[in-house]
Each structure stands twice: as C-alpha cells, then as structure tokens.
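Labels run A, B, C, D, E, F, G and H following the written order; every chain starts at residue 1.
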Amino acid sequence: MNPEDLQKLLEAVANGRTQVSSAMEQLQHLSMEDIEYAHVDHHRSLRKGFPEVIFGEGKTADQIAGIMEKMVPRENIVLVTRVSGEKAGHLNEHFPGAVYHEDARMLILEKSPPRVQGKGSILVMSAGTSDIPVAKEAYLTAQAMGNRVEVVYDVGVAGIHRLFAHKEAIDRATVLIVAAGMEGALPSVVGGLVNRPVIGVPTSIGYGTSLGGLTPLFAMLNSCSSNVAVVNIDNGFGAGYLAAMINRE
Amino acid sequence: MNPEDLQKLLEAVANGRTQVSSAMEQLQHLSMEDIEYAHVDHHRSLRKGFPEVIFGEGKTADQIAGIMEKMVPRENIVLVTRVSGEKAGHLNEHFPGAVYHEDARMLILEKSPPRVQGKGSILVMSAGTSDIPVAKEAYLTAQAMGNRVEVVYDVGVAGIHRLFAHKEAIDRATVLIVAAGMEGALPSVVGGLVNRPVIGVPTSIGYGTSLGGLTPLFAMLNSCSSNVAVVNIDNGFGAGYLAAMINRE
Amino acid sequence: MNPEDLQKLLEAVANGRTQVSSAMEQLQHLSMEDIEYAHVDHHRSLRKGFPEVIFGEGKTADQIAGIMEKMVPRENIVLVTRVSGEKAGHLNEHFPGAVYHEDARMLILEKSPPRVQGKGSILVMSAGTSDIPVAKEAYLTAQAMGNRVEVVYDVGVAGIHRLFAHKEAIDRATVLIVAAGMEGALPSVVGGLVNRPVIGVPTSIGYGTSLGGLTPLFAMLNSCSSNVAVVNIDNGFGAGYLAAMINRE
Amino acid sequence: MNPEDLQKLLEAVANGRTQVSSAMEQLQHLSMEDIEYAHVDHHRSLRKGFPEVIFGEGKTADQIAGIMEKMVPRENIVLVTRVSGEKAGHLNEHFPGAVYHEDARMLILEKSPPRVQGKGSILVMSAGTSDIPVAKEAYLTAQAMGNRVEVVYDVGVAGIHRLFAHKEAIDRATVLIVAAGMEGALPSVVGGLVNRPVIGVPTSIGYGTSLGGLTPLFAMLNSCSSNVAVVNIDNGFGAGYLAAMINRE
Amino acid sequence: MNPEDLQKLLEAVANGRTQVSSAMEQLQHLSMEDIEYAHVDHHRSLRKGFPEVIFGEGKTADQIAGIMEKMVPRENIVLVTRVSGEKAGHLNEHFPGAVYHEDARMLILEKSPPRVQGKGSILVMSAGTSDIPVAKEAYLTAQAMGNRVEVVYDVGVAGIHRLFAHKEAIDRATVLIVAAGMEGALPSVVGGLVNRPVIGVPTSIGYGTSLGGLTPLFAMLNSCSSNVAVVNIDNGFGAGYLAAMINRE
Amino acid sequence: MNPEDLQKLLEAVANGRTQVSSAMEQLQHLSMEDIEYAHVDHHRSLRKGFPEVIFGEGKTADQIAGIMEKMVPRENIVLVTRVSGEKAGHLNEHFPGAVYHEDARMLILEKSPPRVQGKGSILVMSAGTSDIPVAKEAYLTAQAMGNRVEVVYDVGVAGIHRLFAHKEAIDRATVLIVAAGMEGALPSVVGGLVNRPVIGVPTSIGYGTSLGGLTPLFAMLNSCSSNVAVVNIDNGFGAGYLAAMINRE
Amino acid sequence: MNPEDLQKLLEAVANGRTQVSSAMEQLQHLSMEDIEYAHVDHHRSLRKGFPEVIFGEGKTADQIAGIMEKMVPRENIVLVTRVSGEKAGHLNEHFPGAVYHEDARMLILEKSPPRVQGKGSILVMSAGTSDIPVAKEAYLTAQAMGNRVEVVYDVGVAGIHRLFAHKEAIDRATVLIVAAGMEGALPSVVGGLVNRPVIGVPTSIGYGTSLGGLTPLFAMLNSCSSNVAVVNIDNGFGAGYLAAMINRE
Amino acid sequence: MNPEDLQKLLEAVANGRTQVSSAMEQLQHLSMEDIEYAHVDHHRSLRKGFPEVIFGEGKTADQIAGIMEKMVPRENIVLVTRVSGEKAGHLNEHFPGAVYHEDARMLILEKSPPRVQGKGSILVMSAGTSDIPVAKEAYLTAQAMGNRVEVVYDVGVAGIHRLFAHKEAIDRATVLIVAAGMEGALPSVVGGLVNRPVIGVPTSIGYGTSLGGLTPLFAMLNSCSSNVAVVNIDNGFGAGYLAAMINRE
C-alpha cells in the first residue's frame, strides 16, 4: 500500500464513504496479518520505498512463483536475484513479461519503466571481465530502482592507463560501485581519484589465496582511501541497492 | 597526451622538427604521460574537498608535529587520529589551539568552525557504552567536515525498546552510522527501519569468538537489510568520512 | 569395586585363599572396575530416557535398515536424521509405517504417538524461510520426544515488526529455539524479550562471509543477551533434543 | 498501537476531529508504535526477573560506581563481572558491603541473601584446576540468582576414574555446567552419563592449537552427546545465568 | 666423497696428476658429494625396511599400473592407498592377485603373507562407525607390515561404558591407534588408561564446526594425556605405518 | 605493436610515406579505443615485452576464441592458461595450429618458435609426481617466452638423495622454480644449495592440514633460506613468467 | 605407590604382618579419597609408570609448592614444567634440592638418579638455535624418565650438510624427536633417513606466516615421510614423554 | 674460506709447501667440524657468496656478540637483523665500528665498503611512511651485498599521481622491491608498469582486517600483474637478499 492509497482510504473515512470498521480491517492487516503471509511487502513499500526483493537461491521455482503471484498485482516491479536459467525458464512460463538477465542471474518484471530519479548518476566499474556478472547485478538493481547508471568494465590496476581513459565518467558520477576480485585493489585507486562515496564489491574471482573473495574483501576494508565502504562478497545486488539509497535526493 | 598534442608531435615528425627516436620515446610512455596529467589535478584539497588526515598510530609526536607544521599555514582544519594522550600533550605544546578528545583519541585544530553544509544530518549510534569511543571518532570526523551530527548511544538489541525510543532521530537522519561489537546485530535492525544508507562500524569490543571484531564485521556484511555497507573494525574515522561524502549536496 | 569387595579380597589374601599376584592384578585395575560399575547403568533408555537416534549421513540405506531392525522390536519410536529422499524410499519399503519429512530430511517411525509431557511448551522460530528445514528438524525432534511445540517462521530482524506480532507465542514458551543464518541476530533480540532459555541454532544459509554458518555461530556466542546457548551449525536435531531435556519436569 | 487506539483514531477521522494528514503520520509508523508498546514492558526486572549485570571490562571504576549508585537503591543484588582487584578496591570504598571474589573477578553486593528457588540444583564442574576461575564465575552467578549449586573441580578425562567418583553429584543435578579448556572433552563424557541439559563452557586454558579456546569450543559444539549446548569462551557468567533460567520452576 | 677419495684426490694434486683447477671444482662441492654418499644408501628397502607405498589419489590407473609393474618383480608386497573402486577394477585386470578393500580404499598385492614380527600387538580403535574406513586403513597397513593387529570399533565417549568393556584389549596392546572425528575426545580418554604410546587419527567425520577434521585434530593435540601424538586428518595409513615402526623390536 | 613496428611507422611519417592523419588513427588506438576492446594488448607489447596471456578459467570457448581472433593477426604467440580439454577442442577447430598441453591445461599458438634469449637457463623442479602439472605450466610459459628451460621432477625431501643426484642441473641454473605441495619443504632445501633466486610454487596437492595449499605456501614464506620468493598456490604460469623476467639480460 | 610397594603390602597381609583393616585404609585412598585431593598420583604410578607432572603455567608458586609437598614424600622424582625463574626461586627455598633449568623452564627434584631403562636411545634434534628451549624440555623429560638421550642442535635444512654430519647419531637412535619452527621441514628430511618413529615438535619460532607455530605444525602433519607423528606447538615435554613410552622394553 | 684461500691451499699442496695430511684436515673440517660450531659460515661463503646473517630476535646480546666474534676476523661484513636499540648498545661496546640503523633495527659492521657489482640497480619503494622500516631493511641488505639501490617512499595508491612522479626511477631499475601494508595494492600497480621482476613485501601496518599483514600478503599473491613474487610479512631482509641474487651478473 503506497502513500497515495493510504491517503485515499483515510479521505474515504473522513467523508463517510468508508466505514470505520472496514478501514480498521484493512489497516490492521497492514502490520499484523500481513506478516504471517507475504503481505508484509505493503508496509515495506511505505517504509523502504521499494518492494521486497526475492532472493532466489535455495527456493524452488514454485516457491518463487508463489511469492511473485502475491506481489505482481500490487507492485510495479518485481526483482528476483540469484536465480538459475532453469528456474527462470519455469518462471517465464507464468510471467511472460519478465526478462531474465543470464549473466547477472536476475529476473525482472516491470509493468512500466521505473521513474528516473536521484540527484546524480551511478557508475559501476569492474576490475576484470570475470567480475562483470557481479557488476551487472549492481547495474540492473540500481537501474530498476530509478537511477541513471553508467558502466565501465575491465579496468584493473595491472594496466592502469585503462582506468585513466575513463576519467570523465569517473568524475561525473555521484556514487561509484567498484567490483573486483583477486587482490581487490581497484576501489582504493578509484577512491583516491574522487570525492564521492565508493562502494567496493569483492568478488570470488581468483584462486588460491583469494580465499573465495575474503582477500579482496579484507583488502578493500583496509583501503588507504577513506571514502570506501564494502558489501558482502559477490553482493552486486546490495551494492546497487545501497547506491540507490545514497543517490536519493 | 590529448589528441592535439599527438597531432602536433606527429606533424613535428613529418616536417623533421622532431627525430623519430625522440618521438618513439614519448609514445612508448603514452600511458604514463596520460597518467601524469592527473598530476595537474594533484592538490588533494581540490580533488577530495578535505585536507589530508594524519593517522597518528606508529608515528612519533615529532613526526606528527612536523606534518602539522606544514599543514597548519594552509588549511583551516587539521585532524590527527589514533593519537595517545601522551603524544597529544606534546603536540599541544606546539599547537596550543588544538583540542584533544581523549575518548576518541583525536586531536583537532580548527582555525574557525567548519561551515555547516550537506543535504541533511548524520546520526551516529552505538550498541553499547564500550563502543562509544569508536562512535565518537565518527562523530568528530563528520562534524569537522561540516555536517550536522546527532548521537544515540547504548541502544543494543538485547533491550530493543531502547532503540525504538529514538525513532524520530532515526527517521530524520540522511545517513546513519552504527557502531557495534559482540554480535554486531544493530545495523541490521536499524537498516530495516529506514530507507537511508547505513554504515556499519564493527568494533573490537567483546571476547572469545568476537575474534577481535571479525565476528561483528562478518555479521554486518551478511546483514539481511540491503542498505548496509561496512568499514574496517574500529574505523570510526572512515565511517564519519564516508558519511560526509554521502551527505554532500 | 565397593568397600565390601575390597575387604573380601584382602581377607582372601590374609587367609591364603587368594594369591598375592592375583590380588595385585585386580588392584592395579581398581579404577577400571569402578568404572565398569557404570556398565550396570548402561541401558541407554534407562540412562537417557530416549532411544538412540540414527545419524543417517554417511551410512548406506542397508546399514540404516540393519540398525532399525534391531531397534524397532524394542522401542516405541525410531528417529533417523539427515537421510536423503532416495535412502528414505528404500527404508520405507522395509518399514512402511515410517514417515519421511522431506524438508527436515528426517524419517520417523512411531508405534504410537509419544506421550505429551514437559512442564511447558517449546517455541521454534526461524529468521528466514531458508532456515525452515533446520527449524523443522528441531520441531520434529522435540515433538517426537513428547513435547508441545509451536512454530513461528520468517521473522528476521530486518523487518522487526514481524517478530513483535508474535509476542504472545514468545511469552508463553518455556524454551525457545531460534534458527538463523546470515548475521544470526535473531536469538539476541528474542533473548532480550524473555526470561527463558533460548537455544540458538546457526544455519549455513548465506554466502560470502557467512562462512558456512561460522558467522551466525560466532555472533550468537557473543550475544548481548545472557540467556542464549548455542548448538552446532544446522544442528536442528540437537536443539530439539536439548529443549526437550530442559522442558522435562 | 492496540486495537482500541486504532479504533479511536479512525473514529476521530470519521467525525472530523482528526485531520487526514495527522492520521497518516501516525499510521505510517504503525509498526513503530506497535513496537513502542514494548516500552510499557521495559522494566527489565519485570521482563527478565533479574536486574542488569554490569560487565566491568572496559569500564573505569568511576563508571561502574556511577551505574551501581543508580541500581543499589532499587535492587536487592548487584553483580559486576570481569572486574580487576584494583577496581574492586576502589568500588569497595564506595560500597563497603560489596564482596569481591578474586578468582572469579566478580564483585557482588547483596542487601539480603537471594531467596533459594528453582526446581532442582545446579552442578558446576571443571576439567582442570586452571579452569576453576571460569567455573567459579558460573557458580557465583547461579547462586546469586537463588539456586542451589554444587561444585566438582579437576575431573578431566585423562584420569577418568576421578569423574566417576562423583557419580552421585552428577546424577542428582537438574542442570550441569562443565568448564573445560584444552581438548574440551569433558562435556561430551558428562553428557553421555545424564539425561539433563549440559552447558559447556570452553576456557582459554591451553596453548598452541587450543587457539585461545576455539578448539574446546568447536569440540563441544561437535559433541557426540546431544544434550550439550555451549556459551562463549570463558563465559562463566553466561553459563550460570542460563542454568538459572533452565532451573526455574 | 669419503675420506679415501679425498686422500686420493689430494695425492693426485700433490704429485701433479690432477690440476689445481680440477681439484677446486670437485672440492667446492664437498658437501654435495658428501651428501651424494647417501646415494649408496638409496635403496629404500635397505633404509626403511618396507617398500614404497603408492598414493593412489591423483594418479590414473595407468600410472599406478606402471609403478606397480616396476615394483612387483622386486618386492613381496605392494600397497596402493586412496584408490577408487573403478581404478582398482582396472588394476585387478593387470594384477589378478591383488586384493581390493573397498571400505579402506586400499589395494594390496602380497606374494606371500608378511612374516609376523614386532615386540607386541597393535590395537586400532574407532570412536564411531563412520570412522571405520580410516581405522581400517590403519589396520591393513599395520598388518601388511607384519604386525599382530586387533580392532575395537564404535566406542565413543558419549557412552563411555562401551569403551571400558574392552579393557583387556586395551591393556595388552603395545601401541594404540585411535581414530575419531567430531570432538576427537577418545584418544585423551584412552591415553589416560594406558602407559603405552597412543596415535590419534582425526577424521573428517562431522559437520559445521568440525571444520573437516581440524577440530578433532586440534583437540587431540591439546590432549591432557601426555602419551598422545597425532597424524594428519584421515591418515589411517600413516598411523598404521608409524605404529609398525614403534612396534619394531 | 612491437618497437620495430612503431619505428617503421614513425619513419614512414618522417619521410612522408604515411599521412599524419593515418598515423594518428593507428596511434590513438594504442591506449584509448584499444582499451574498450581487447586492443589493449598492443601497448602491452611495448610496455611488457610479451603479449597478454588469456586466463581461460571462467571464460567460455567462444569468449576465448573472440580474444584470440583479435590477437592472432598481430602477435607471434598466444597463450591460454587453465583451459579444459573440452574448450581446447573447440578452440582447435578455429585455430588448428594451436597445441594443447593436457597436463598443464595450456593452449599455445606459435607462428614461429620464440627466439631464445636470457642470460642463462631456468630449472623447473617438482617435489612429487602430482605436482608435475603445475611445474609443467611453469615450464611451458618460460619456454614460450624464449628461455632455455630444464626440468627435474619427483625429488621430494623424504628421499633426499634423489635431489642430490641432480646437483649439476641445480648448479647450472640461473633461476630455479620449485613446485611442492604437502609440507612444501623442497624450496628451502634447494635454496640452501644455490646462490641463485628460487621461486617457490605451492601446490594444492595434499589433504587435511595442507589446507588446499596454504600450508606449503606459508612454509615457503617462512623458509630458512633467504633466496626464496613465492607465488600463488598452483600458479605455475606466474612462476614461469617471473623467472623469464629474472633471466632477461 | 609403585608396584613394588603394593607387592610388599599384600605380602605383609598374606603373612599376617599387616592387618586387613590397616591395608584397607591405605588401598581405599588409592582411587577414592585420593581423587578429591592431589593423592590421585598414587594410582597414577601404578597405572602410568611415572608420577604426575605439574604444569606450572597459571599456577602460583604457593599452589605448586602445595602440590609438591604432597608428592615429594612418596615419589622419587617430581617434574614441574613451564615455570618461570621467579617462581622457581620461591620453590627452591622450600625444596633446596630441586634443580631449575632456565632455558627449558623446568624444575626437577630427584631423590636419586632415575634408573636407566628402555630398549635403545632417544635423539633430540633442533632445526635452529632458537628451538633449543623446546628441545631441551624434551631432553630433560626423557632423561628424567630413565632414558639414554643424545642431542644435536642447529641442523636446519637451509644448510643440509650440517644434518648429514650427524648421520651416525641419527642411525643409532631408537626414537627421534625433532623440534623445528618456521617452515618445519626438518622432521620430513630426518624421517626420510631412518626406519624409526620420528616425533615432530613444531615451535612458535618465526614471524608473519609462521602463525605462532601453526605453519610448522601443519607442515609436519603433511610430511611426505610416513613415520612422523606430531605433538602440540612448543610441547617439548609431551614429545619427551611419548618418546619414553615408545622406548619402553 | 673464500675461493682465493682454497686456490692458495691447493697450490701449496701442488708445490709441496703443504702436506696432504695437513690439507686433508683443513678440508675435511670444511663441512664437518665447522658445522658443530659457527665455522659453518666459511663453506657458506663458497656456496652462497655472502656470509651468514645473524637473526637477532630471540638471541641475547651476549649470544650475538659470541657469534660476531667468530665471524669478524674472517669476514668483510657482518649483518645483524631484528636487533633492538638496547642490544645494539651492548654490541657497539664490543664492536665500536658497527653502525646501528634504528629504523631498520639492523647492525652492520663493514671492514671496507662492499664492492659494487650487479647488472643494474635495485629500486626500493614503500606505500606509506609506516612501511619505511621494512623498506629500509631491504635497502640496507641489498646495499651491503654490493648493489646500487635507490629508494622511493610513500607512494601509495590512494594518491596515485605520487607514484607516477617517479616514473623514471621505476623505469631504470633492474629489480623492484615494493613494501606495502593495509590493502597491499602497490606491487600490482607497479608490476603493471614494468617488465622487470617485482618483489612484494607485505607489512604488518594496518589494523582490523589487515590481520597482521596476512591481507596484503594474500592480495600480493593474487596480483593481476604476473611479474610479482612475495616474501614473508615484514621480511625486508629477505627481499633485499633476493633482489641481490636477481641482480647478479
């Protein structure tokens, strides 16, 4: 239930078109009965400004479809993250309008394109080509939440001139998301170039002492650039979500 | 090297004013010279909007004083972090105007109060009383950078009604900084209440399996609230710095 | 060896019925024989009040069936934990009365429903829907051991009003089991609401720095609520078993 | 917000006493206000049955004294844990009636002895003599909370006949607390002997691969006895507190 | 280079048969050539008393067969460890006399039974039934090396009377091998009962905080019994081999 | 573009055979446009002396083929590392001249054999036969970069005379690469024998406490021989590449 | 009470010189009353063949003296390990005959030299000079238990000819103890030279990735020599004790 | 014994001035008797080209002085690493010519300056000012071994233009040593700029997730630049030593 709907209901009570008892039933469900089912999302729209996002890993296609069925009637956009191609195929049969992004493993169902908002734009960068799926997840999330988003891929520090070639894109961003695996050095270098918040996303790309992404995570947390914060390993969705929060006017 | 420069060089080769060997040398370092262009932009004040901050740990009082002497004539504010009371005493002899904050172990020298700016205000929270020094470091940093900052201390999740008593402060903040040790649960709970970015600061408060702060760090990175990003353990300074970046108009 | 036996032995030595060498042998093993006295007390049913539970992982269906064949004639109930659907299928052919719970991966064979006992009731909670299999294992175990058990699923701290909607169930429980993965914060919050023992069950749900469940485990061990104890990662069975012990009159 | 309040609000809207905009503001925070309802229940004594315990580590003697001054007028008993002998000396000057237990590093101020309650008794065991301080902390906590408590020290598994000599004490306990460092094997052996809940307290006693207590912690979590739960390393207080909760009638 | 060779070389220099430069070259490698003297001693059979054992993991069936072909003509016995059933099938086609032990994943080819030797006998114990494959590997290795070996399985500490039922076997062993996963407590208890060397073999049996066997490993290394040494996780072969070394007359 | 090509282009500009505009186009792509695609390699040849190497893991056969198509026209040699046999089969269809080395999982396409250069020769050693794939990757890399390379396999420290049998090969090497898993002791022993740089390559061969190669890695970093440096676990390519750098005249 | 004493007592009962009641009193204390105090040692002599050893760390000088006072009248030898020089000074005042070994931090009180026994001799080796304190603790323990012990110090693998210079001592030992820090490679090399059991003692000597001794520990557990077992980090006492067990006839 | 001495001895044998028996004695001791004392260094000069370096940590001033007394008569240079100022004061009393470098904690005694050799020069870089002590240790070691060495300090990646200002020094180095703590990113960036070997030295500078230097270590091992090898944390000496080996003609 978005603020407009709430206002309409209260006005209906005020001018007598809706009974107090009827309004009570609707409003009590807002935080109570709603919670026992998936209805919780409605209050979430009021509270968080974006509907719940479905974490697809560890859920069956049927479970995901069940949740989507409850959300689709009421929300303009539904996001499913970490969903395999196979599950996405099943879901597409139920929701033909949903678009599956294979590299980012995201399924997005939009009734209409999100209204572009935010004070500026978000730049998503990746250190290597293998980090692109994580970067892409951040990109799609931020875009779905109504942001202008640019991307720059494959600008790792071993060939640092590649990075400097994108100086203008770096300078014009309001928030920067930097996905990097292996030694995770890119957020530090980027953070040193800008006076904007940088969100580091460590990826599990690498082997041996990359420790499944713990090494780039720890490296980013020790960044000598003070404007870097970090999200969980491979958590492109979280980075995109947080960037959208920061970019809000 | 911009296109005009390249054209000039090649024309100079074409008309014999420049030797092939000399041109070769310049072109082999093409990426270097491009990068040196950042040198023009190298004044940190211009680039980052705030002077360098002195990390006091591992530096002698004399070394810190030496750096301060070079900065004081040119900057309105000088921050020294992680400085012991003993060192601060020595520094105060040279810089009587500097104020030492013992709990946060910060020394601040301001010629004039910073101009308050930023689109909103920053709220700094701590889960326990023992986390206050870290929260205080965040508070002082954000304030020195010209932000409106509020604080709420000792609102850990074991007595969650304490947290809800500060609902209004939570609601009006533009950015929230949440310092917590032990199980590090507070950022998740706070993140679930707001639609604003939350910066989690894990602290080394705790014992046994708190692992010197790794446990609250990992807990925050696994937050089920998507609007939480994290900085290094006990890094109150970084949290305050990043919050200031986010709060910029 | 009780005092009477010792006296008899020494008298036998004194009157020559027993050789010194034979007495020496018996006395050198004094602590052994004392310990064997526990052998009289060795029937697990007598000692522990519940028959042995079969840990299905790493055993073949034939091995499990072999153990069940020996137990079924003597016990009212047989529990097999961590058994795959395929193995359960084989076992059901031998034991048609056994019921397989797919989500909890448990097979339960009851001759008659367990007698409900215990001073109160047990509440099993899960932070997310993905934690339900672990919670379900706790639920089934506690129920099979003759307890009244209630469940509340999907009440993680990111939407904390969902938790408070179940305040009455929380208040009436004698023991609470709380399964949570990711940051593992729920047991702390629940522990802060009640004056009853809370058993935290960390789950391996999560990715990156959840470290396969070590992070929620460590977080729960650092709970700022003092009435929380913890069992092994994903050990729903152990939580249910322990809760039953606590709930005993 | 309880149902009556909600009804009143809506009626006020219906008859024009409350503006739509004002009602909207209150209803948007529906879950907050619901949660604030816990505020009514905020007296810890009412909620938890025992006053707050002061964690002495990381607090100055003055800070502890300040908190005690607020508690003493209202509570029959005040516990301070992890307090050094030096701090205790200072505190004794303010509170001459407080008793300091050096080995357990606890300060206890009792106006009158706690009323003994609980359905049975608690047995506190230690594997070695070096584990006694942790065991003692558990003992004093449980006793201060009004329980009958027995102790058995130095019964580690390397001389297992020592353990069996205390079979009767083991059998008559309602809850058992077992403190052990090094390999942490004692809770498993004790757990196998009883049908009561066993709380394992890993201690930091040991060296090398004891890893500051992580090894006995992990060993206890992997106990082949199913009636064992675990608290944080060296957390004797938590074990005693939880045992008191379990022992409640 | 032995003393005689050195004397010959120097005499050759003295009488001019060898150039100074040539002698210099040989002498600069004095320590090398001395070390090469171990080459005379290079027959493993002479040095170690048992032929090389083939580690099957990571080798193809063809590679194993190739090595066996070189060993079989010269050795009475050939052991292959960690070999899958599939590879063993291929090997049996080449070496029909080889016997495959599926549970221990060992292939053994004996021309004649090993001569039984050793001062006493070896006892192999396992804490649980799941530890038997590791224990079996130790058993087969020790037996193949000519030792009398007894076995006692499934005597874990949670039902400690099971262990004491085997007191006589424990007492008569010269060396004891104890395989245990989970909390790895059995070697400590056994070590406390005997005055003989105990070899602990941690197994990877368990889940969660058993950490793939690191927990029982660390627990055994912290044994409060001083006569316990440890081999690598799941290394039944090494335990059997070492026990055979200890049992040598 | 190698230095010779650059010189030719500039001479063509100098003597008028090539227009400035045409030269500009070629040279602008050197660091700008090149970066957005795979063209970056050209400047890499100038800067690093060897074309980019394709890391095959995590790329599809099509992606690898796409990059190769851009490189093959301009480079004498293309290396693809960590490529499976299946992918290599697909690539061989497009590039029939490429040779696949199954054990090292490398695909190498050479137009003409590399010019042998370097001040001396490189010796690649492996401790066990299972370490050979990693050693082979080092061997092929160093050879492709124009070095004389020798190999000595299976000279682990448990039979140290095997190592000394290769004294002459050890003495004549300019750089030594030593691959070892398990306890990773070989680099220390080899380092003690020579006055040349030794590159240790820890391998993931082993089980239990080899921790996937972390143990030999840490052991090599603690080598009591001071002339040992280390690369990542299983990183034969990096060792070969670095050895080639060291062997440069 | 050693076996000879027990035999004398029983013979005195058999021939009437000692009353049954008097013998009962002495023997009942053997495992019962003894356990509640420190008397437990007596049965230990019968069971383990060596009196209890006092672990000095974490005990006050008074506590150690108290235990010694109970042991000295009845035992020929008392060992105290990990005792500081300061505590040893206090103890020497009470027990002037005790000898303190500063490097090994052991205090030894012998009424008469131990009877030399054992089938052969024990060789204690150290890789570096810094490992000598640990090696010395092993040496003193084994010697106090009645073994012939030889030592060879500072023969680390970086100068491996130093090791081979001691080939004869290595060959004649029945058991070998090898203490090594840093990369912990020495036990593997020594294990490859002999057909006897080798006890590796990892030491905490080293820095960085030696991880306080975990690296040599893990390296030794992964030894490619199969006759190597390992004790805890810096546990020279345990190595000496175990070697004495192995060396028993 | 250096090559010249050996040549003189052999020539004396050749022309009869020295008896064969006398020469034998000297040469046999070269690897034998030498080893039992500190004489081992002599053969080390022949084998490694540089005398033994004394690791000062964990040795008393007297022990260091004892070793120095044996080395000084025979060596041109003696290095002592990791020696405190206090110990250095004592040593200077015995060896007034020794120079103590406080920041690098090295004591160097040179009879005459080392002969400068090597094919090129070594560049030592540090990321931060706090890394300078480690960098200085590398610098002094390489210099003492006869190399031309340059230094560039405080060029961390957060202000990357600082690095590029030293492009010429970077380009002319034959080997580069890069010391960095925190996120350890500098070696990757430097490695991407040059075609020379880069030795990364992780330092323990940092806090929280720098994990005492493990994070920069792991980051460097995962460098996306292939010409980077790594030494132990804070091991400036090893880096300098290895660079000298690489720089040898």
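We adopt the following convention: a contact is a pair of C-beta atoms (placed from the backbone, for glycine too) under 8 Å apart; a residue touches a chain by one contact, two chains touch by 3 or more.
Just so we're clear, the structure is a prediction, and the values are computed from it rather than from any experiment.
Contact with chain C and chain D alike is made by A, B, E, G.
Homomeric contact chain F/chain G: same residue numbering on both sides for over half of the interface positions.
Two chain pairs, G-H and C-E, are compared here, and C-E has more C-beta pairs in contact (counted per touch definition above). Centroids of chain E and chain H (each the mean of its C-alpha atoms) stand 40 Å apart. Centroids of chain B and chain G (each the mean of its C-alpha atoms) stand 54 Å apart. Those residues of chain A in touch with two or more other chains are numbered 31, 43, 47, 159-161, 165, 193, 208-209, 214, 217, 221-222, 232-233.
All chain pairs in contact, by the document's touch criterion: A-B, A-C, A-D, A-F, A-H, B-C, B-D, B-F, B-H, C-D, C-E, C-G, D-E, D-G, E-F, E-G, E-H, F-G, F-H, G-H. Of all residues in chain F, only 129-130, 159-162, 164-165, 167, 171, 193, 205, 207-209 touch chain E in the complex they form. Put simply, chain E touches chain G in their complex at residues 31-32, 34-35, 37-38, 47-50, 53, 119, 193-197, 199, 217, 221-222, 226-233, 237-238, 241-242, 245-246, 248-249.
Interface residues of chain E, counted against chain D in their complex, comprise 127-128, 156-160, 181-185, 188-189, 191-193, 206, 208-211, 214-225. Of all the residues in chain E, the ones that touch chain F in their complex are 29, 32, 35-36, 38-39, 41-42, 44, 55, 57-59, 63, 202, 204, 212-214, 217, 232-235. Taken in their complex, chain G has these residues touching chain C: 3, 6-7, 10-11, 13-14, 16, 20, 23-24, 27-28, 30-31, 43, 46-47.
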